[in-house]
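Worksheet: the structure to be examined is printed underneath.
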């Protein structure tokens, strides 16, 4: 992940990649996602204290995103939320590819929570755990191509969203094989985060993202 | 809370009320809600192991509800989700009353996540923290009546949902003063939970609530 | 029907089952449903006069439900509306099974009227009239299993709603064969009705369910 | 009503106006609407037998419309449904004016059932029963102008729909005073019905409007 | 086109058919549609000056419809918008048939813009350009029947909308072969336009269709 | 505009600002927008031929955006569409400020077309034409502050979107006075466009944005 981001970042951008010591190894259920929230929030607090300009939560379920924005002065971007908005500008409808079929209803619920159902063609699974995907990149790519083609033929999708932070670097190659836009959420969000930092965009501190009260 | 539930429960129902030792004292932000998730999930796991028939998460933001169902064989009810469904059957539209105005957008987002926006007349705040509400029940009641009447006059609401677990026992009195249905989410959910237990209803263990995988 | 309800009711619940002398024998069209409204409303009026605590309209199209609530002081539950709300709490999406394919668009319209489209995976028909279903329970069960499995495989459903009052007693068995939640609308609504009565819930007599004016 | 229709009909159109002998005198609640369904369906059956080309249900709540189409070979138009579709083509949003404020939630529900919520600016009441409106046309007009102006100023409405069959002949005058489109549902639907008849349009006899089965 | 309209028009209706000298020959993309807007608006201006009562834009993508209404005193009807509203009254859901599959997402977007998604069963293409359709009417009809039947079997459609102005005269024949309603948008809109003219309906000149300002 | 963009662009970005010689001077109606489409499309074609990496249509109604993407290999960003997506990530709901109240329904329609209604708190007008706004910047700012505060107090908005390309440079100052996020659509879109170019994002050339056919 860091390698891919180093490749695409502006030379002036200072990048820190951190990984929680506790919390689940991979996020493959709503339960995993729930356990990832607390460590994520601690990193967000630290990033605010240490003077960072923007935080990217590099997990394709945006654990703790709303709570993070609530406690944060600086912008916090989730790779799921961000890539879905960008995908909406590249074609009529997108398909989210997710590792396991058990995640399909959960991904649909996430899209609904962001009120982007209009842009959703389908969610499809390539049928390997995150660990298997990392261990067998060749097989993963073959499976991803297969389900992406099914999404094109059967769901009329126009944009593929790779629903996993661990696929950074895959998108270009898949795009040239499939002939439609393929988005790696981490790379996309990273560049949008640079734009946020340069524009000085920040979560609005009224209403949904107002600071929490001291007790 | 326990007193009120003891009053309304079936004589054969065995009730255990537990309270997390860590976690936030009150839930007044998405951040508080995030911190309440992990202790909640631990109680749900324990309830499954100890042979309970149903769990009620007695906090009006349903912290960790989806994750809880994922790890649970027995039904888990959230008092927010349940009372919103029941409210939808008593009038055309409901209003959620919430302690502080900063919670209004968050409550609206919860309603959207449950796809019940159609039934939402408004969210209004009575302008006291949970602690203040408990310390000054008389003032709280006065404020609640005032905003409930505004919701009736200005938003055309037909049902009032008391958006706080700590108001058990208030609803009957408010109902007679306002002349419309007023729901205490905890009492309502408790009786629905008894019905779930007696019917043997359980979360469906495919898709959204399928068990998490061992890693 | 009465037998099944007697089995699941609280010992203290007094149950009266009535059946209209005129009106259609079975409800298999919007026309049948229309003809069932007037007799239903007469029973609701009578139940109010005779001091009942709650009414359940035991027909899976809720004939006259809104009008019934308008003329009623006590709660009136429709088995379609109630079971759809409960089903929404057991899985991401439900499928309604209905006797004949000609009823599919009508069931979809009912779901839309209740604004619960978000939770609808599909409506499927088991291809027998109500009379045939009652006469051939073995064949009915086989057909129901077949279409329920298609709904699981092709529509990603997580909860099966048996769209017919006459299937009380089927759900447990189907549930164990299918491995997902199967709801019999009558039993579910009956227990929810008991909870309504015990909680003293009543339709809000302003707006949609306000009493009709004398002329 | 007949006078106004005679004025606007094509010379070749043969018009029959019928009125149920039983059923409620005016439709001012969902209960009234329910009681109007059966007599309406009998007229629709008769119209089919007697060779009419099209039926208009001249009551602004379209009692029994779906059931009527189910049993009818010829088109059946409801004045509520039709005028809402036409209003959607004359401005961004419409307001329905209704006699009594108690009908407001019911009118909103009708708009939702037709899935035309997008076009709804508001529903407002002019505060007189149907009988009072007929007895005091001058006061009715004054009240209607007042609420129509409120709808323009406060709800941003662009089209006024007169939500009552008894206001045929009012629209032209109101339109010139208000400066925006004002639709009398009966006149509009009558001319659309002529177009339906001339085009030979008929309800599609599959799915929702398929003929009911013989029992 | 003129022939078909001459056949169905009232004898008293005076019909003028005009065709832009510049602009695309056929509308088979959003780009074509964009180029058709300016010539369309010029005709609308002219029709207003020359005392016409109503304008029909006879192209199944309604190019420039909103802008046309803005500059027009008289009603302007688009054949796409009009036929979709009428189709919504003939069955639960309609299918739009369009010449080429590349137009499918664009047609879906049009339906969404009109907020009529609820009524859309599907969009399907018969796989011939407009020019080919005109040159090979026999093959076109065969293809149309094929995709219409697929829409009935697989999408549960109840009404077929012929998504092309050049198919005037086809609908009756297709209807009798398919057994469901088939709508030719031009004929339908033409008769509705006559009704608009006779009723004196006009776009509301506030808000969305207010006159443009002089600069 | 150019000055502001020169200030915020990356040093390596080469910026060309072009302005149509024909077409309306300002876009203050759907008619103006319609006339702006053709010149816009010509610029997009030229940008593709001359090797640009990305095009921004700098008019807050995105004239011709879909047609532009259809004929373009490189990404085309509309400042309205882009800023609405970004605004959705900074608060629960945004308000669009627009010059004249006559544009309010048109802006709402644009938001609906992009299926972002969920995020819309309101559209409000500051009551000056574009020309007046440019001629009287001091008065414009005062008016904008006033309506922004009304949107915060009455509509619960959390983000202000300046609905006009000519307000580049205003946002920072307004943001510090209002205390909530204020977005200048041109600056925001410009930085997002840089990110698009660096990421190599392109409109998907299937479905909605497939190339138009040669005739």
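Every chain is named by a letter (A, B, C, D, E and F) in the order it is written, and numbering of its residues begins at 1.
Just so we're on the same page, a residue touches a chain if its C-beta (ideal position, glycine included) is under 8 Å from a C-beta of that chain, and two chains touch if they have at least 3 such contacts.
Note that this is a predicted model, so its numbers are computed, not measured.
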Pair with more cross-chain C-beta pairs in contact, given E-F and A-E: E-F
Cα-superposition angle relating the copies chain D and chain B, to nearest 5°: 120
Approximate Å spacing (C-alpha centroids) for the pair chain D, chain F: 42
Rounded Å distance between chain C and chain F, as computed from the means of their C-alpha atoms: 50
Rounded Å distance, chain C centre to chain D centre (Cα mean): 31
For chain D, residues contacting two or more additional chains: 92-93, 104-105, 109, 112, 115, 118, 156, 158, 207-208
Chain pairs in mutual contact under the definition given at the outset: A-B, A-C, A-E, A-F, B-C, B-D, B-F, C-D, C-E, D-E, D-F, E-F
Chain B partner contacts - residues on chain D that touch it in the complex: 104-105, 108-109, 112
Chain E - residues contacting chain C, complex: 92-93, 118, 156, 158
List of chain F residues in touch with chain A within their complex: 8, 10, 75, 77, 81-82, 85-86, 88-93, 114-116, 118-119, 152, 156, 158-159, 172, 179-181, 183, 187-188, 191-192, 194-195, 198-209
Residues of chain F touching chain E in the complex: 24-26, 28-35, 37-38, 41, 64, 66-67, 70-71, 100, 102, 104-106, 109, 112-113, 115, 129, 131, 207-208, 210, 212-213, 215
